[in-house]
Amino acid sequence: MSRSRYHVTRTSRTAQVAAFLGAIALLILIAAPWWAGRAELRLIGELCLYLALASLWNLMAGYAGLVSVGQQAYVGFGGYLLFALTIFGGLNPVLAIAIAGGLGALVSVPVAALIFRLRGAYFAIGTWVIAEVFRLSFAQVSALGGGSGTSLPTGIVRSLADGRAAREALAYWLALGVTVLVVASVYLFLRSRKGLALTAIRDNELAAASLGIDIWKTKFLVYVVTSALTAMVGGLIFLQKLRISPDAAFSVNDWTAFVIFIVVIGGIGTIEGPIIGTLVFFALRETLADLGTIYLMVLGLVAIVVMLKAPRGIWGLIRSRFDLELFPLGYRVQQKQDKGA
Amino acid sequence: MDWVNAIVQGTLLGGLYALFAAGLSLIFGVMRLVNIAHGDLIVLAAYLGLTTSVALGLHPLAALLVVIPAMAGIGYVLQRGVLNQTLGDDILPPLLVTFGLSVIIQNALLEGYTADPQKMDAGALETASFGFGGLTLGVLPVLTFAVAVAVIAGLQWMFYRTPLGRAFRATSDNQDIAQLMGLNKAHVFGLAMALSLAVVAVAGIFLGIRTSFDPSIGGGRLIFGFEAVIIGGLGNLWGTLVGGVILGVAQTVGAKIDPGWQLLAGHLVFLLILAVRPNGLFPRVDA
Amino acid sequence: MHDPILGIRDLDAFYGDFQALYGLDLHVDAGEVLAIIGANGAGKTTLLRSIAGLMKNGAEQVRYRGQPIGALRADQIAALGIALVPEGRQLFPSLSVEENLMIGGRTGRKGPWSLDAVYNLFPILEERKAQASTSLSGGQQQMVAIGRALMANPDLILFDEISLGLAPIIIKDIYAALPGIVGEGMSAVIVEQDITKALSVSSRVYCLQEGRVSLEGASDALSREDISRAYFGIA
Amino acid sequence: QTPTLKVGHVSPRTGPLAGFAEADDYVLAQIQDMFAAGIENNGKTWNVEIISKDSQSNPNRAAEVAADLILGDEVDIIVAASTPDTTNPVADQAEVNEVPCITTDCPWQPYFFGRNGVPGEGFKYTYHFFWGLEDVIGAFLDMWDKSGVAKQVGGLFPNDADGNAWGHPELGLPTPLAAAGFDLLDPGRYQPLSDDFSNYIAAFKDAGCEIVTGNMIPPDFATFWAQAAQQGFNPKVVTIGKALLFPSVIASLGDRGDGLSSEVWWSPAHPFASSLTGASAADLANGYSASTGRPWTQPIGFKHALFEVIADVVRRSEDLEDYEANLAAITSTNLDTIVGNVNWANGPIDNVTKTPLVAGQWQKEGNAFDLKIVANSNAPEIPLTGELKLL
Amino acid sequence: MAAILTLENLSKSFGAVTVADALSYEVEKGAALGVIGPNGAGKTSMFNLITGTLAPDSGTIRFEGRDITGSNAAARSRGGIARSFQVPQPFSHLTVFENAMVAATQAAGLSGRKAEELCLDVLDQTGLLGKANTAAGGLTLLNRKRLELTRALCAKPRLLLLDEIAGGLTEAECHTLVDTINAIRGTGVSIIWIEHVVHALLAVVDRLIVIDFGRKIGEGDPKTVMASREVQEIYLGIEADA
């Protein structure tokens, strides 16, 4: 019977090549402290953290349909917890960041319960207001400097590792590690049963609900996990920044608008998009940032032009041309080649 | 008396917020467009007002005669040239495009006018006041409130009593079917944006008389505008006024308790209202 | 025989990747009532949407009075005198009954239809003119939808499933009004699932199946078997 | 071949703080001219390259560009100016990355305590010169004492770095004002960019305040000042930090700008001269006005002085290649600059030294406003140029 | 035999439109029930009520004896009720196989190889195996309807709700479909089938109900029901004549 000649695979030739190249790239990146200068190391680290934020936002907006403009709430929350737990709790920064993630998940639960009642634009504005509430609330905490903010005491930074080089390498590896963790989790999650459910929800909520998918629960799970990871990334960001203040920690421009820019430019709803978007964003920033106002105007212009000319982003353009998928999420049904059957 | 004062001043402040929000409410209601650049457009209008009043030696309020048509023209061109292409079920394209616009306007103003704070000189109007039942009220805030009410009443009348308003409502209900009635939706949306920016012109002038402004202050006000719109309910203009007043009163009463609570109180009241009524206080009743 | 008022040649239609119409050919003669029948999803609505300008077509795929109109926008086509009574009525919920009618008259075309004429045709609507359109019964809503289209004084009117979801008695009323509506030289295309009805009011009929014309002919010349075959593809 | 010393410079060229940096182009061009011939160090001529970056008025961005300068451009010394939002993130990066850093144009309390500085320990790599809140208080009290108005003061402090420092119960205004017999009414910290001050105004009115003081940003002050008039609150003296520094702000207030008072860090009347060019304060201010067509502003002097200190350090350092030697040169600075003497041995606290501060009032002369120095008892070397008038 | 599904006095209206009017009936385990009625009678709405896509205004729904009126669509689906949509609702960006996998993994709760094998089997049965890698958004209407059936089967239901899946099929295809459905029934699955193509319906169901304006106006043996005057009147159209 013909049926027996079919089987299912979840990978492809290009994906295998991409995975191989990706692994090599990862090894090279892991070794960066030995080949890269201090500035490059920091730049790659920063790039990694932006990539992590972008991947997480993409998971929410691109897959779960949760268009949030308030993710800075969790970035800032993570950052502040890093400061609070290390300064007052005397915790090691790495441990503090891990705990910040857990607490991020915890606070996201009531937040989700509130804002999940809203849809579309209301949801977006609601998340923004929540982030403002976070900002204004932390501005009331005088132990953390209130509205003026505070610096991470040098002693705490030094406690990270012995010597400047070791410290910088560790900070870098943490950033790289979290990013790999985020991208890998997003990838594995989307390949999993729950991920399939999420993709189904994105395509058609009516059908998804009728096929046993609990839409609210699935989105809730995504929101909570994203919040936790975003808080951890926030902790790492402010470990690099060394100084935190409410305006900086809960900046809608830095932690959400630029991230949306990255994701949409790169291609929303794909794993590749945020990666490409991050590279484009940093390329623009590194080449033009010294131009000040001009740089920002160029950024705005790029956003508009890409949105009008390539609404699916750069990866969308590439994919429609070459049918590539570097991170295969789907299933392929193939006819068996073997003659034994 | 202090509490009464806080509430009265909050109500007047609400008028300002409603003025900020009215244009936003209009386009949000007609085309579900979330305009991130709205705050920056208000600032742009303030600069236009400043330039015209200085160049022509006009009173800022007289400058409205120039600024309103100018902003309306900008709105129409903007809508037809750029924003119409981003409309659809997805809220992201307009969000990102108007974000881009916001960045461009801000930085272009910075290039053109520097970061210096500017203010429009409205002479005695700025400081004039009158006594009212034991309170001292500023003429300008009262005028702002009155203008907000007038603008909203005007928009409301336009929306419910004129062919243009019918066209707005029909296109907002169902774009395809509206097209079948001979309405060119690109044009209708262009007109809606033109009208929105005409209101923005008024808001900009009043902002510029009330306080000093620089290119960067637009964004901060934007969120109050959105809150007023959402509290009031999608596209409900009187609702927007109510939303603005609720926000203003929440802020002044919050500030009365502790100045640090001023903005926070506004946001918390917003969240509270949404928790109870996710579609705002006066949602439009659809079929 | 009249000249065709509308000619459709090799019409395709897509919803994203999905193709709903495949190289359709069809024409409407001036002054006739044409019926289009077909199973659910056959593409009838899509065809009417294409004519009315709500789908993306090539200019030459739809010709109206000899002019290529396939690439025009819906509002331009409406101004030329083609009106659609959409499936499911689709009234504007935030407009009152009278406003719904008035907005139909926006094209400003001259002709016999005015608010008064519509109220004459459907007296119940005058009683309800200030009411929200959504508060009407289904049949009354259908009357508004028809009235709204008539207000444009079209030369060609397209009806998509006017009897769908209506009680038989209302259907009877509406069909009774039909001759009065198309009487004065207006041409009409009627999409209808009730085949008996469709055949009885029309002079010619097309049957669509899976986005293609599977049968065409004079309404009184077709046998039930022909139709049944065309309808379900039963060979 | 002449070796090059790299100096990194961070300032808010764009964004809300851009006013503080508006003279950067002028000052930097002048400095670069001066440095063009190189600077002599241990008998060797060094090129000094200044790499300037924009913080966009954003502390996140300030930290980023500081790290870029330190790690990427590998600057030998980094300098920064203009409000805690610029100086603190830059100094933090320098401290952790172990690069000498000099900052100015931010009162020392928000600089020192805002960075969690511990008195007695201080910082290793980061140094700051400016005045402190005690100087502001001294200058203000001096001015208010002369005014003869009721000693009831209303305080307006935002919840930001400057506002929290000024309003701090011990380090800020409250304690010394009380000691001097002034009654300070401080309703609390408002969030910057507030649209309404009626609660403050009502409270000030109730308490009969005749003096209003605080530290504000220009839009907030403009809002407050208009509302005060509208609500019938007419104090006799209004002395506000930060918001009233710039002539453009005063000009934008129209007639309502006349008579407002503020701290004066630097003015053309200051009797100091540049150690680099020999130009007097008046020369520098006039030069700026002549070249840009804009009125002088207070940050000009400090921006200039920042590079005076750099030049001095470069001349004196025992080994310019060595951060520690450069640091030693900084600590041993004793230089008379265009803003006064800079000498970290005389500081009020570790890593900080102070320049003199007086108080001034904007007075309308014809069509223009002039900042008159009306109180100088803490820095008598700076001459008075006018007399306080009540509003 | 026990009832798998019981509707008791189910009512639902949208404003003036009543789509279910005190609707009551039972479906026996393993039985096949046919539903006919004019357009807009409320047949699809009845499915929406049974599957939880719509909440009734009043009345109770029992599945295998349990009251499920309060549970959501997802829970009912996992509990063993699957449906096909009259207007196909594919996951357009997923392939046909992935569409099936959604059902197998989410509704049937299978994972890994087990799910994949089930999907391959069902696709083979419904004739879509050759299209397994096609994006569902690009399918023709007929294939979309097949996909609806496929997904419903991959959910491994005990009660299967089919909404007009025979429309537009050729006679040969119709036969295959009838065979397929009879085979499914043979495995013990209970079926409710809404269909205008009455001859196909009659080849499967053992009981028929007629719905008009949300009311049940006829019920019983298919032949008898079809011959009744009421049905004749409502179905003045082609099916009655045929």
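By letter and in written order, the chains are A, B, C, D and E; residue numbering begins at 1 in each of them.
Throughout what follows, a residue touches a chain if its C-beta (ideal position, glycine included) is under 8 Å from a C-beta of that chain, and two chains touch if they have at least 3 such contacts.
Here the structure is a predicted model, which is why all the values come from computation and not from measurement.
Common neighbours of chain A and chain D under the contact rule above are B.
Common neighbours of chain C and chain E, by the contact definition above: there are none. Among the other chains, the CA centroid farthest from that of chain E is the one of D.
Centres computed as Cα averages put chain D at a distance of 77 Å from chain E. If each chain is reduced to the centroid of its CA atoms, chain B and chain C end up 42 Å from each other.
Centre-to-centre spacing of chain A and chain E amounts to 42 Å, using the average Cα coordinate of each chain. Averaging Cα coordinates per chain places chain A and chain C 51 Å apart.
Residue positions of chain D touching 2 or more other chains: 14, 159, 189, 191.
Taken residue by residue, chain C touches two or more other chains at 134, whereas all remaining positions touch fewer.
Counting partner chains per residue, chain B shows two or more touched chains at residues 107, 110, 260, 263-264, 287. The complete set of chain-chain contacts reads A-B, A-D, A-E, B-C, B-D, C-E. Against chain A, the residues of chain B that register as touching in their complex are 28, 32, 34, 82, 85-86, 91-93, 95-97, 99-104, 106-108, 110-111, 223, 226-227, 230, 260, 263-264, 267-268, 270-271, 274-275, 278-279.
Interface residues of chain E facing chain A in the complex, by the touch rule stated above, are 51-53, 72-75, 77-78, 82-83, 85, 89-95, 97-98, 101-103, 105-109, 111, 116, 120-121, 124, 129, 132-133, 151, 155. Within the complex formed with chain C, the chain E residues making contact are 15-17, 39-40, 86-87, 92, 135, 137-142, 164, 167-172, 174, 196-197, 213, 236-238, 241-242. Only residues 52-54, 73-76, 78-79, 83-84, 86, 90, 92-95, 99, 102-104, 106-107, 132, 134, 148, 152 of chain C touch chain B when the two sit together in their complex.
The residues of chain D lying in touch with chain B in their complex are 14-19, 22, 57, 159, 187-191, 193-196, 198-200, 202, 206, 218-219, 221-223, 226-227, 229-232, 246, 248-249, 252-254, 256.
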